[in-house]
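What follows are several structures.
One chain, chain A, appears in both complexes that follow, with chain B as partner in the first and chain C in the second.
So, the complex of A and B:
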């Protein structure tokens, strides 16, 4: 891309950001809040109890960008504080979620890649399992939750199971697709040269299917990150989803927004790691 | 049988000590006016008390003899405990037991687990990942009956936590529509089916001629969602726990239509429970938890401690709410959402006594609204699940004042202006 165009797109990005911030500021600009419906305003003590005097001024409703920045700074000042399970910093929560994703997603990769190979190499198997995969694939992580809770009976296990079951399908389908579409000539050449099974797998099948597998893993990781936040909001006692729930419990939208931004940023980071891997396994035919 | 005798003696001993102290030190002084009938209707207790009166008085000089073997301290078998709570003001005693060190005093090392809802509390208590938990007071009964659960799992209310302290909050747009007879077609939120909130709201609506199953819709909703939905206009009102009623006022989303203290002064709300299996396995541990919770309820009932409690509860580890909101719900000096500052010191109360009377009312409402299809022996069930005898023995053992009314298992109540007789609960034919 020429420098000119790159500058233009950077400028456009910044413009969108500024517009967003301005809209946010405009929409949340504090106005004098009168009781609606003609309800009496009450005396000074009433105003104090409603948190409307200067000393205890509270931001009712949606925070302005400035309020958001202030509370985000507060929260980010001690991201690793640990005052017992009820009050841990956002860094801990993010770490807990990442750990769960690592376990659940790792298991999914371990199961889905070999299974995908088996499906790709044996069309009969693929045809036999296809209906089940197609039915299970579109199920939302939240729909799994009650079943998981009832059977696994352990909140930690439930979270991991939900990640596992959601990230399994894209990896499985992409792997089997990648293996099916390997050019027959390459396999035939390998067979003619009498390359043994393990080498055939390592030298031909895996490298040839790698781009498709990594694409599946990239989609799977995205789904896992989507699922964990939802699962933790339901059953979590830690994790970023629990953080969102806990802040919502306090109706503290500032911290909810902070968590949303962090979830987005973390998801982007995870995705870009796999994008790097994807680039490294790409090959030109 | 020995337990009964010991208990009767203990109760007489306590009775005299309360009169000696003229009740000045009685932290639970709030109990007096709660009961409408001070009739003493022990089942056999009165006779036993009379027989053993001499023994009781004689034991005044030697209290341990009265207490007998039943409350002798059993060592704590399991000091590391996981206890669940839902972040609402009802959990104040549990939070105080933690923050003020009442658990530590009993040799317990407790981890409090903030939990996202009642269904989750139920599942975690039953699967053993929680050793004990904050429960809605109907829950030990519903779980022991197998209602709203996959199997019958005996759960016991070791202590009550709080009385009163809830409210019916209505959306601001209804501020001139205060007559429930006009509320047909409205939508209300409740925190859980087996909650006092649901039962009180149903009884309240029914009193004004509405059928809570047909004329309105009741929606189980998490408390923060109640406030948000009230503001968004998705619900017309909610009967919910504090501090969310006051929070709705504070957020200018609603007003307090009626406090639960004005519906039934002294109604139970949340209990503290464990499974019967846990009690059998760890008798010393559950008693230690019970003592800590009793001490905490006495602490919370003292008005002098309410401001400190509000400060502690506001912390992120506990309720994570503005202190000024919690304080209004605890002290009863509050803004009502309609421009009035009101004072009702009975808005929130704390009491460790799980009266079987309360359980009988709850069971009668279970059958009234069709949750309970079969007839159960209400009084037996109530005494089995609500462990008032144990609480009384512990109170005696700890040397705390026993409020006069707490000597009666079966106090009468005035519920929404009507007398409720726990020994002859109304039978509802549906």
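So, the complex of A and C:
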């Protein structure tokens, strides 16, 4: 893209941001009631009677951008504090979620990639398991929650299970797709060279299917990050999802907004890491 | 053309060399109840021979090559190479694929080294690299060996494919229309290089082509297939031109036009007639 267009895009982005902030400011700006009987607007008692008390109305209302920034700075001053389950910093909670995702998602990759290879290499297996995959795949990960809670009986395990089960399918399907669509010629090259299985797997099959596998992993991670927030709201002991719910119960909307923004930013970061991986395994034919 | 042409032995040889490949009574059928694609195909390839197979699309040329490579199984008959029946692919046969079939995530050097490593699993990293470089230099790609296939032109890619096939030092080199996708100029250059390398290395080659001039330049013997289905090996013609022929000079050789007309006539007319009159 030419520099000029890039600048225009940047300018538009900033404009949209400013508009959003202005709208936010306008919608949450403290208002005063105008009296039809000539009582001055500064009359605190009248304002209080009209429910416009500047001191109290805002404590429970939606924060203005300035208020949000102030409270966010407050929260971010000690993001990793841990004063017991009731008072943990947002960074600590985010870390708890990330750890849970790492375990659940890691397990999903470890299971789905080999399974996807097996499906891709053996059409019989693929056809045998396809009905199960197709039925299990569209199930919302949260629908598993009661079953998980009953069988696993452990909040931590449940969270991990939900992540596992929701990121499993995209990785599995993409891997098996990637393996089935490997060009026949490349396999024939390996066959005519009598390349042994470990090398054939590592030097031909894996690199050939890698773009599809990483695409599946990227989708899976996105789904996992979507699911973890909801799961933690339900299971509720730690994690960014728990934090959101807890702050909602505290009516601390500033912290809720802060958490939402952090969830978005973290999701974007995770995705861009896999986008980098994707770029590194991509090949042009 | 008189039949004695096909009976005469290639001119450049005095003693009959040993048979490397024996194809006997081979036929292929893809589905039961469907007609045979080709049948009763029998021929020998001698050590050091360059044999071209010509025929129209659909006569099963590629299937024959794939069976020789061990990538497909014949329905009837079989292939014996060096006293052993072909049942699966092996390093004794090198294949240059129609669409080059380079691994796109590897550089040219890595593609060739991959084959060298397959041939010599115990060789040192250095030795493998040196050998791969040698074969790339042989096809004139010493300068482009760190490029990936998508950065190479069609002709260069096919050269890498040839280097890869040669690098395993196969007993038999199989080429499936290797130059079909190249422009005429590039094709001519690579043909000459191939001819030079094959003469230097005394490589035995079985090649499929559509191009009559390519066959005349490269082949010691030309096998002509009649049209499918139920295609047959109709003629087995020795090339009357001396092996010193070159692309620029070969149309001045005596017998060139006679030979060329014979091949073209076959493709245009007789390839279809064989089917209707088996006695022709």
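Assume the second predicted complex is superposed on the first by the 257 of 285 C-alpha atoms of A that agree within 3 Å, B and C clash if a C-alpha of one lies under 4 Å from a C-alpha of the other, contacts with A are read in each partner's own complex, and residues count from 1 in each chain.
Throughout what follows, a residue touches a chain if its C-beta (ideal position, glycine included) is under 8 Å from a C-beta of that chain, and two chains touch if they have at least 3 such contacts.
Values in this document were obtained by computation on a predicted structure and should not be read as measured data.
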item	value
Touched partner set for A:235, first chain B, second chain C, both or neither	first
Touched partner set for A:26, first chain B, second chain C, both or neither	neither
First (chain B), second (chain C), both or neither touched by A:207	second
Partner chain(s) touched by A:197 [first = chain B, second = chain C, both, neither]	neither
Partner chain(s) touched by A:285 [first = chain B, second = chain C, both, neither]	second
Contacts of A:39 with chain B and chain C, given as first, second, both or neither	first
Touching partner for A:185 - first (chain B), second (chain C), both, neither	second
Partner chain(s) touched by A:132 [first = chain B, second = chain C, both, neither]	neither
More chain A residues in contact [chain B versus chain C]	B
Residue numbers on chain C that touch chain A, as the complex places them	69-71, 88-91, 93-95, 97, 99, 101, 103-105, 114-115, 118-119, 121, 148-150, 168
Residues on chain A engaged by chain C in the complex (per definition of touch)	183, 185-186, 188-189, 191-196, 199, 203-204, 207-208, 210, 281, 283-285
Touching residues on chain B, where the partner in the complex is chain A	87, 111-116, 120, 123-124, 127, 129, 150, 172-173, 175, 222-224, 227-228, 247, 249-252, 255, 315-322, 324, 328, 333-335, 337-341
Chain A - residues contacting chain B, complex	33, 35-37, 39-43, 45-46, 49-51, 56, 58, 60-61, 83-87, 149-150, 153-155, 233-237, 242, 245-252
